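Given below, in the form of structure tokens, are the structures.
Each of the next two complexes has chain A plus one more chain, namely chain B in the first and chain C in the second.
Let's look at the complex of A and B:
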């Protein structure tokens, strides 16, 4: 009874496997087509509206700017994949705090840059840990928890700097932020390395696999022996650390730190994640998609800036585009089903 | 019916106790706390928060969430002040600005109810739309509201502060919904969307109505904000959203839907107001105030979730 069907199945599985792999490669590629074509279309539009927009040096600038947003979307992607309405509304505040503490500690204390890095890893991990405890054990929805934490983090940054941030970014950070390696922006290489490492972690490590499983079905994951709590804790801790260290990179890119400088990244990172094809229900998504989403959003913002639109109009258009993308990609099934 | 009513009372009880506790503390800490003048100044400052908490509560009871109410306040505020500055009449400019706020609510409701997109993300996007519009209309704080309005807002009538009129209006609006069969349908929908749908209740329309209601009450809150500050500010509403959600949670409203009362919302927001007043009264340097208020809000949320956890365990 057992022998033959297994053999048959094996053959079928081998055949289907090749098919599935082909189809997967196809569909993986297809996910990115809208994003890539939108980028190209926006570049052409920008070139028409303001000549020189699609020049090599400006494209380099755009991609470098996009890397900062991609870093903000890094933690957001993990948290959204982890499911259970996972979302991190504290990323902007964490980045602001990272930049403010980073500049103050590396400039005005004996700890130096590396001391600041360690301190920021610790702070980010602590905030992530508090998030995870409150979300996982006290059952506070991630939205409310991270939104509340954002005001505490912003308040902490204000109290820490006494409202007057001072100092300039350390040389190493500016080298990453605005330097070049040969003709290529260092920040771009940094971003590519980040996406590659991130994708490796998601696809090839046990944590990555468990994250997808826990994200698509918490109960099933727990029943099959995955330590869901550990997965959630690691996710929020990584998101916290990515937030504060992302602030350092942003500091290197901008050169100085200001209160609330990263706040805009909260909404943009969610938009990048959604545009990048990560399902808000959890259990699905890639870093590459979020990074491409960041590229599209950055080019869009630059086009709007090139046309000379005010901050208010840009915010309005960003919101409208997010709404449009949501209405196209993230609709829930009908109640009737 | 009887059990439902006593359960409702029970939900608002912890926040009522918190309010009483802080009234006692502040009576000792803040000089003249128990005077009419202090009550009047308290309600001029915190009426917008009370209103926004009621607005948020209705959406939360229906199982949704609305994080665009703060931006709606900004939008209505700057539209009203700008139109007033352009020579429009008091009422005509008010009606147009309230309609602008309502338009955002209609957009929220339509996309959530009929396009079935997650309310959190929809209202996040629309808060960017409304906030962007506000910033477009008035890039920098400025302008001035009607002086009569400002004077009226700070007056008391027979010892009752004028801002309470807005709270009464919002509460009556809520009762007008809650006491009809549509109130029961709202709670049912928040408890279990699908079962309610199967029972033949038009859930999409009710969802739509919750967002329109919250935008309307947010518009009334914007009137109170404008009367309090006497000017336009495109970012004035931004901080209110979190405080309104926190106040609702502290007032016993469940973020999972189906549970909550407007009374709890009112007590929760008054508690937050009292806590903030205590922080200001403690005379700490201004750059510590944001941190302290943020920490109080977060602790309030955690406290409310802890009591809820305990309650759930008792039932289990």
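Let's look at the complex of A and C:
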């Protein structure tokens, strides 16, 4: 068993450079190799189909777009790691609501942007809390719970804006969304900071380590004396807050808010998480993986756009590819015993 | 013609021999008891006859014809019916629906005579005195009534050979009488009955013949009127001098300080309560036939079934959950590694630190030291825990607890399914724990294991459970497997009060 990673890579490795490549293959990062190579391959394909696709400025745009998806995948990653069929189908609705309330409150009330931020943290936490209570104590499956909640959240946003969202994104948000720091997109830096902080939480805090354990085996975690309820509550509350605040970032990126603007992110975030190596069964996964998954998916969408494909056909192909990817990645590897 | 016969049946599960050589016969109208302790092979044999398990070798004959079945459904077509304590009722349906459903053939005709089915179901319920519960959902019945419905279901199949696996241990006295009456009627109609039981009273009052099994072998075949209880126990335990062992060895009074004591501990599924005390440095083995409340006992102590009031180290504490038990210095080791022990997707180090870091938020002993202490063989601590063998996985889980130096380790059949060497290592770890002043309460379905452990530690007791009660306690130093088996099986004169 110990020798397995080496055996697996033996086939791919031949002749010279074997040692270096083996070391790379055996390092922690080897699980990201498929995602990274897929990104590069798609970039090359895009460049061939539409020259200029792999230019620095376009790559900057692609990465910035990917960051919005990575943000959507942030809460999703935690929820999926937490196991017990954990999944968050409310993320799209939460982001839409974040953008809608954000623009309304910051533009048309005396609370301003920071008032909107506080309000959205409160709303996100409340939704997360309701999720956790219903899932953990009333034993409602996460799939059903979060899907139902998505409708409630959509309805709330619709009622709040009376169907007519108005106003433009505050300057600070557009600065994050489309601004640059030197030659680099601010949003990219934002995304990198998010991944670093997220990885720190997962690896260096007790919450993060217990999340992996509870996700891997809830019963064993409880019998080890781990406060499983607390882990689940914290997870859904973070996911809720990440959803509404993610909506604000999306608002800054797009510039205006529309009803249902975040809807597409629900399935895309699950795909990004799964491509990034998080097991749908829970107990395994990283933010870095999800972010890289977001990059691949974004480039893929972009390539389809670059070919000048008609919208309907593009969505069809994109959907089919998503299903295929999910089918390939979500087959759980067989464990010993 | 003889109704049923099996010759030289053998069955292995991996390296474990469940049945070595079993031959029995059943005549028409015969009520035959099969008597045996844990691991004697009686359940395996009954499952083989009932079609649920395929034998490795041996022959079976029904009505003189070779009898080969691959499923309980197929056995039913031969009118060989198996009924057990493991309930097969659909709990969301009513009693009547439960009885009618299995009669509907797989290839249903267009017109089913539902009225006739219902009539026959009603007749069986009347016969068992269950008429009043026909319309109730099965889930709302207490376990003893559910067993009776299970039995009714078996009767409706009009068996020619009926195998009853330990059904009476859950029944009330009135039900037992009805049950016996019905079994006798079946026998009068020519049905053969195999009655798997460890209850002497029923064997002597109901059965014609008795087959005694030990370690997967048939060791005795007698007419009930030609043997007595002592002789049966002798066969059961393989011990020649069992005849007069009324004077049980007195339990030594240890001078170790009391570590934990509970009064009025309630086990789920039992009405009475238990009092229990364990001393520092002591190992207590909990023995008994399977399913007599042993597992529930250690789990209740660990707070898994709700609040427990205990005095630990002279301090009154209420343990409401496993988490609080861990904080009070208790540890729990399950034999069901996959469900209750191992974090399969995580590394060895993470598995080891689940309690110290995860639950208590302290460092615990260094990972490498703990792994050396428990003698686990591994590559790197960052390897996934599932890369280890079962025995080494279990050692990692034990290390999880020893790294926080628990006061009391509760273990529920912890060496189930691990190899002999690892098993021995686990015993030594337990011994070392007691030398450091901790105590171990160990449930095991393997009597030999309990005796071995009891002999290797300075202070030990073995407590035998039956029907959720402590029925006997032995001092560890001079207990034998025979003592345990004898105490596990209730006798006719109500020795156990």
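By definition in this document, the second predicted complex is superposed on the first by the 303 of 337 C-alpha atoms of A that agree within 3 Å, B and C clash if a C-alpha of one lies under 4 Å from a C-alpha of the other, contacts with A are read in each partner's own complex, and residues count from 1 in each chain.
One rule holds in what follows: a contact is a pair of C-beta atoms (placed from the backbone, for glycine too) under 8 Å apart; a residue touches a chain by one contact, two chains touch by 3 or more.
Here the structure is a predicted model, which means the values were calculated and not measured.
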| item | value |
| --- | --- |
| Comparison of chain B and chain C by chain A residues contacted | B |
| Which of chain B and chain C A:279 touches, first, second, both or neither | second |
| Which superposed partner A:209 touches (first chain B, second chain C, both, neither) | second |
| First (chain B), second (chain C), both or neither touched by A:71 | neither |
| Partner chain(s) touched by A:91 [first = chain B, second = chain C, both, neither] | neither |
| First (chain B), second (chain C), both or neither touched by A:223 | second |
| Touched partner set for A:139, first chain B, second chain C, both or neither | first |
| Intersection of the chain A residues that touch chain B with those that touch chain C | 335-336 |
| Contacting residues of chain C [partner chain A, same complex] | 302, 322-323, 325-327, 332, 334, 338-346, 350, 353-355, 357-361, 379-380, 383, 386-387, 390, 400 |
| Residues on chain B engaged by chain A in the complex (per definition of touch) | 65, 67, 107, 111, 115-118, 120-122, 124-137, 139, 193-194, 197, 203, 234, 239, 241-242, 245-246, 249, 255, 285-295, 297-298, 301-302, 305-306, 308-309 |
| Chain C-touching residues of chain A, taken from the complex the two chains share | 1-2, 206, 209-210, 212-213, 215-217, 219-227, 279, 281-284, 335-337 |
| For the chain A and chain B complex, residues of the former touching the latter | 85, 87, 134, 138-141, 143-145, 147-152, 154-156, 158-159, 161-163, 267, 270, 274, 280, 310-320, 322-323, 326-327, 330-336 |
